[in-house]
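Would you mind keeping the following structure in view while I ask a few things?
Order of writing sets the labels: A, B, C and D. Residues in every chain begin at 1.
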Amino acid sequence: MSLIVGLPALLALLLIGLWAAAALDTAIGRLIVGRPVGMAATDPLRAVVADYLRQRTDTEAPDHLNWLLAPGYYFLLAVVGLALVPFAPDQSLIALDTSVVLWGAAEAVVVVAVFLHGWSPNAPFPLIGAYRYVAIGLPVMLLSMFVLIAASIPAQSLDLRAVVESQRGLWNVIRQPLGLPLFLAVVMSLTLRGPFDYADSADLAGGTSAEDGGPRWIAWQTARAAMLVAACAIAATAFLGGYLGPVLPGWLWLSLKTLAVMVAVVLLTHLVPRMPVAQMLTLIWIVLLPIAFLDLLIAGLGAL
Amino acid sequence: MTLSAILIVSAALFGIGLYGALSQKSFVMLMMGLELMLNGSLLATMGFWSLALGGAPKGQLLAIIIMAVMAIELAIGFALIVAVYRKRQADVTEALETLAR
Amino acid sequence: MTMTDVAFYLLSGFAIWTGWRVFRVDSMIRATFLLLLSFTSVGLIGLLLSASYLGAATIFMMAVEMMVMGLFMVMFMMNPAGLNPMMMVHQHRLSIVAGLLIFAAMTGAVLLTPLPSDPVAADRPVLRDLGIELLGDSMLIFETAGVTLLATMLGAVVLSSRRGRFGPTDAGSVPPGLSAGGPPAGRQPKGGGSHGGHGGHGGHGGQGGKGAHDGHGGGGSHGGHGKNGGDGNHGGHGG
Amino acid sequence: MTLWLVPLLPMLAGIAIAAFGPQSRRALAAISGGVLAATLILAVLAVAGGWTGALDWGGGIALTARLVPLSALILVMVPAVALPVTVHAALHEAQRGLPRLVGLMLLFTGGMVLVVAAADLLTLLIGWELIGACSWALIGHDWRDRDNPASGLYAFVMTRFGDLGLFLAAMAAFGATGSFAYDALGGLQGPVLLIVAYGVLLSAASKAGQVPFSPWLFRAMAGPSSVSALLHAATLVAAGAYILARLHPVLSAATGWSVTVLSVGLATALAGGIVAVLQNHAKRLLAGSTSAQLGLMFVATGSGYPGVAALHLVAHAFYKAPLFLAAGLAGDRAGTYALDRLRLGRVMPLVAGAAAVAALALAAIPPLGGAWTKEEILKAAEAAGPWVAFGVVAAGAMSAAYATRFLLLAFGIGKADDESPAWPEIVGPLALSAVTLILSALWLGPVSGDLAALLGIALPEGSRFWLALSLLVVALGGASGVYLSRESPDLGTAGTAAAAADWLGLPTLVFRAVVQPFERLATSAASLDTRAVDGGIRATVTLMEWAARTSQRFGEAATDGLPEGTARLTSLAGRDLRRLQTGMSHHYYAYLVGGLALIIVFLALGA
């Protein structure tokens, strides 16, 4: 698939995904608090327009460049992640035999992007949010690493295409039951959501985006949604067999699975409460990481 | 993209790193210089591996080792910085002159 | 001149430029992320050189390392935000000369040496090669690196822990004087103070007039959480 | 039972007494008397039981002890004489150091017993050395008088010189046969036999006070009279005669040995007689007589009758010991040993009686035992030749003369004293004199015959002419002794007689011939050492001093300046180098880089 055909298709898909993510978030959020769902499909678009029209704020001596570019980095990383996802056998935008590693690199850079977003306004709340996020984001990345390596063990390859092909008989979600739940935690951390939202949470008045106003806000939220799409697509690819499925075309299967993962993530976002940072660190290091090791062990034994 | 070009780029990175390591007062900046030098050598290693050795596996191994060295340097370096800061509340090399005695 | 060549020259130029900017910006955070950009460029060059794993791993590792470095910047260093112009250098001319000399010497050596040419074959399974090598012939080396990293983790934790064998490691610590051997400048730490809080002390008082700077940002979750881990469960944050 | 018990008992007891002995006279007398009585019983038992002793030293050397009839006789005699003498010493001698004296006397006796019991030259040497050392210690017993240790040393050196002969003999015998045993000596021949025979003779003569070693006996008089009694009668001196008699069977084969022994003995007998007759010192008179009597024993041995010599040794022991003890009593009472100032017959009549018996035996007046043995010696000498017999007769005349003279002058009728010696002090002499009286039984033919048979002694045959002549001459000698004591009691105090009384000038001769040359040699050697050997060293010293002065004057600048200059340069360089040590890590880092660059340049140029 050439770049010229693939990139527009990818961006189109991403746009749809963005809308879906926003709509899902709105609808489920309202459902859970018991409010009528209403026009959940269009409300996000309205919000965008409203935010665009809102007054733009600025801080004293910010790092303008990085403040401006941080959502861009974030979005770019989401695009890279989505580009790694195969839509059909041997059909992914970035044909790399180490796509799993590159996705890991993208995850690592996400932490950098979020930190830059919090650091560049030169204001206390965003900076605190950035710090907290770094403390949580880095160990969560370890989880992602182990889980994805475990998923690539049956494929005997670090290529997501091969990972999908290896699930023709059995999806990884069955083969490695611990993998998907852990990766959902990673997705939430990558998208600053729910229990893992230490960057943009309400207790810091918005955290890294506390000083964002207008277009900046829109851009940042868009990037978050894009990352949600990308991460869910990766999750669907690595654990739910990606494009594999009967009758329907592969890209549709992938989209459906991605949507399913997105629903799960949004549900978790709204249902699971957030812990203090220290407790979360303990949870990650003492509980989740050993579980990830166990996952790796299961994968290894299965490969034998 | 020739090997010479890659090596010259790596030499440039190395030279910049050396400049930084020699000139910076701050511990962290000094370590950045070291990292940059290692960056240059990593690039050179990859270049040799790719263009001069026909992809001999040992070349990749060397690059991995260089990365491990980077990680170790960083971890121990930061631990030392923390320890020194605790003791001296200092973050510049000039604060440590005990070696003169 | 293929697209690969163009990409290579662009990335090379970017790597060198960002590498140079590392030591030219006022903000240390910027310096850190410039360095990350330099590394990323090198990683991408690695991808161009068909070192797919190495390139990706370089980006991956350096992102984490630079993130940690950035944290330390803000924790310990003056002027993290780069609000003031800053030039903290010594033996500057010597350093420049040394860097240039090294570069010239290496370039000369590169240009004068007849370099072998044996590019990696397009169908060579480099990733598989690497795996076989790491867990085959060079397993001992690889495992040694692993053990060394483990020792590094332990050493880093021990070195950076505030709990020393003989009480708090910062007991009796005195900030350096403004001049050599002068009286201590700045705040002295309280004995047995709250854990994990380096933050909030009022700067180093000038450092020989090299420019004012604001207090170091608080909230140091100390140690390297991301990379060397280990002491994460007492992550003192807060500030 | 082992024969070692007999010497070991007095030895160990002596050491114990010397070290821890009681101060009380009676206790000392009881203990020492008991020990010696036990020794005597043991000796008798050993003789009766035929005990032997052997000790494997290792390396082919063994100490052995075995008795022959002759040595059995002496073995019994030694403790028998030592018993009364030692008891007397404990009861009479000065209180100071008495336990040491008594203990040493016991040790002395033990050493003598060892000599007697020895069956090889090594054991003999051990005993020999022991009695030599004991004699030195005993003669110098009263060491606070400075002359006494000197006298002890004199005696020791003199006998020690003789010991060299025994050492020589022992080494030669061992070298030739690989054994020290007496039995092995029989197989010796040629020069080795000569060395052994004359070595033993030298040793025996020096111990027995024969010419020319006689003077040490006079010096030995410095010791207490009990010591003199023991030394002359039973131990040291007797050892010389004994060893010749004991080894006669094996040594007489050596060329000219018998004649030499005979000559030495006869010369000593005559010279000793003259000296004794002319002597005015009571103990020295007796010492001279000892030499003379031992000389007679040598004559008997040289004539081929060692058994006769042994018999005379026994008889001599029993009469010489009381004489010494009596002389000691008299001398202590009078405060002097000058014969012309004693005459203590009335003061100590019992002692005088005992001395009379012993003196008559010494004078060889029948029927006393001493007379019988002397006549037997005459018979032996007769067998050797008329001239020898004549010499023995002359010696007999002189012994009669000095014995009479001693008796009359020492215990003649003089002033009475209200105080007689206490009984304990005179028990010893009385007992010994009693034994002398008992020995008179030797005149009875069956007794002497049985004894000779028992001891395996061949008694010589003699003519009546010589016996008659001898008795006549003895009577004449006795008469002349009476005459001399009456007419010139102070004989030997001055003039030619006095000079002759000191061993006819033999000590002077020894002094002139041996001591002075030695001293001169030593002096000249010392001066040679001072001038020649020392001179070289002095010259070296002078040279070195000159060199040191010179080098100090001129070499200082060079030798000192060089290191000092180096040090200054080094310290300058060090100061400069220290400036590199800034403590600043970036400086060090720069040095490192520079060094690394140098290495690379070096390698590049080298490659």
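The rule is simple: contacts are C-beta pairs under 8 Å (C-beta built on N, C-alpha and C of every residue); 3 or more make two chains touch, one makes a residue touch a chain.
Bear in mind the structure is a predicted one, so any value in this text is a computation, not a measurement.
Chains B-C form the pair joined by the most contacting C-beta pairs. Distance from the centre of chain A peaks at D, each centre being the average of the chain's Cα atoms. One simple way to say how far apart two chains are is to compare their mean CA positions; for chain B and chain C this gives 8 Å.
Each chain gets one centre point, the mean of its Cα atoms, and the points for chain A and chain C are 27 Å apart. For the pair chain A and chain D, the distance between C-alpha centroids works out to 124 Å.
Chain B and chain D have centres, each the mean of its CA atoms, that are 101 Å apart. Those residues of chain A in touch with two or more other chains do not exist in this structure. For chain B, the set of residues that touch two or more other chains comprises 18, 22-23, 25, 93-94, 97.
Counting only residues that touch two or more partner chains, chain C has 53, 57, 61, 68, 90-91, 94, 98, 102, 227. Taken together, the touching pairs give a contact graph of some other shape, not a line, ring, star or complete one. By the touch rule above, chain D contacts chain B in their complex via residues 581-586, 588-590, 593.
Across the complex, chain C meets chain D through its residues 90-91, 94, 98, 101-102, 105. Those residues of chain D that touch chain C in the complex are listed here as 584, 586-587, 590, 593, 597. Here chain B touches chain C in the complex through residues 1, 3-9, 11-20, 22-29, 31-33, 35-36, 39, 42-43, 46-47, 49-55, 57-58, 60-61, 63-65, 67-68, 70-72, 74-76, 78-83, 85-95, 97, going by the rule given at the top. Residues 4-5, 8-9, 12, 15-16, 19-20, 22-23, 28, 31-32, 35, 38-39, 42, 45-46, 48-51, 53-55, 57-58, 61, 65, 68-69, 72-73, 76-78, 88-92, 94-96, 98-100, 102-103, 106-107, 110-111, 115-121, 124, 126, 129-130, 132-134, 137-138, 141-142, 145, 148-149, 152-153, 155-160, 162, 169-170, 173-176, 180, 186, 189, 198, 201, 204, 207, 222-224, 227-228 of chain C touch chain B in their complex.
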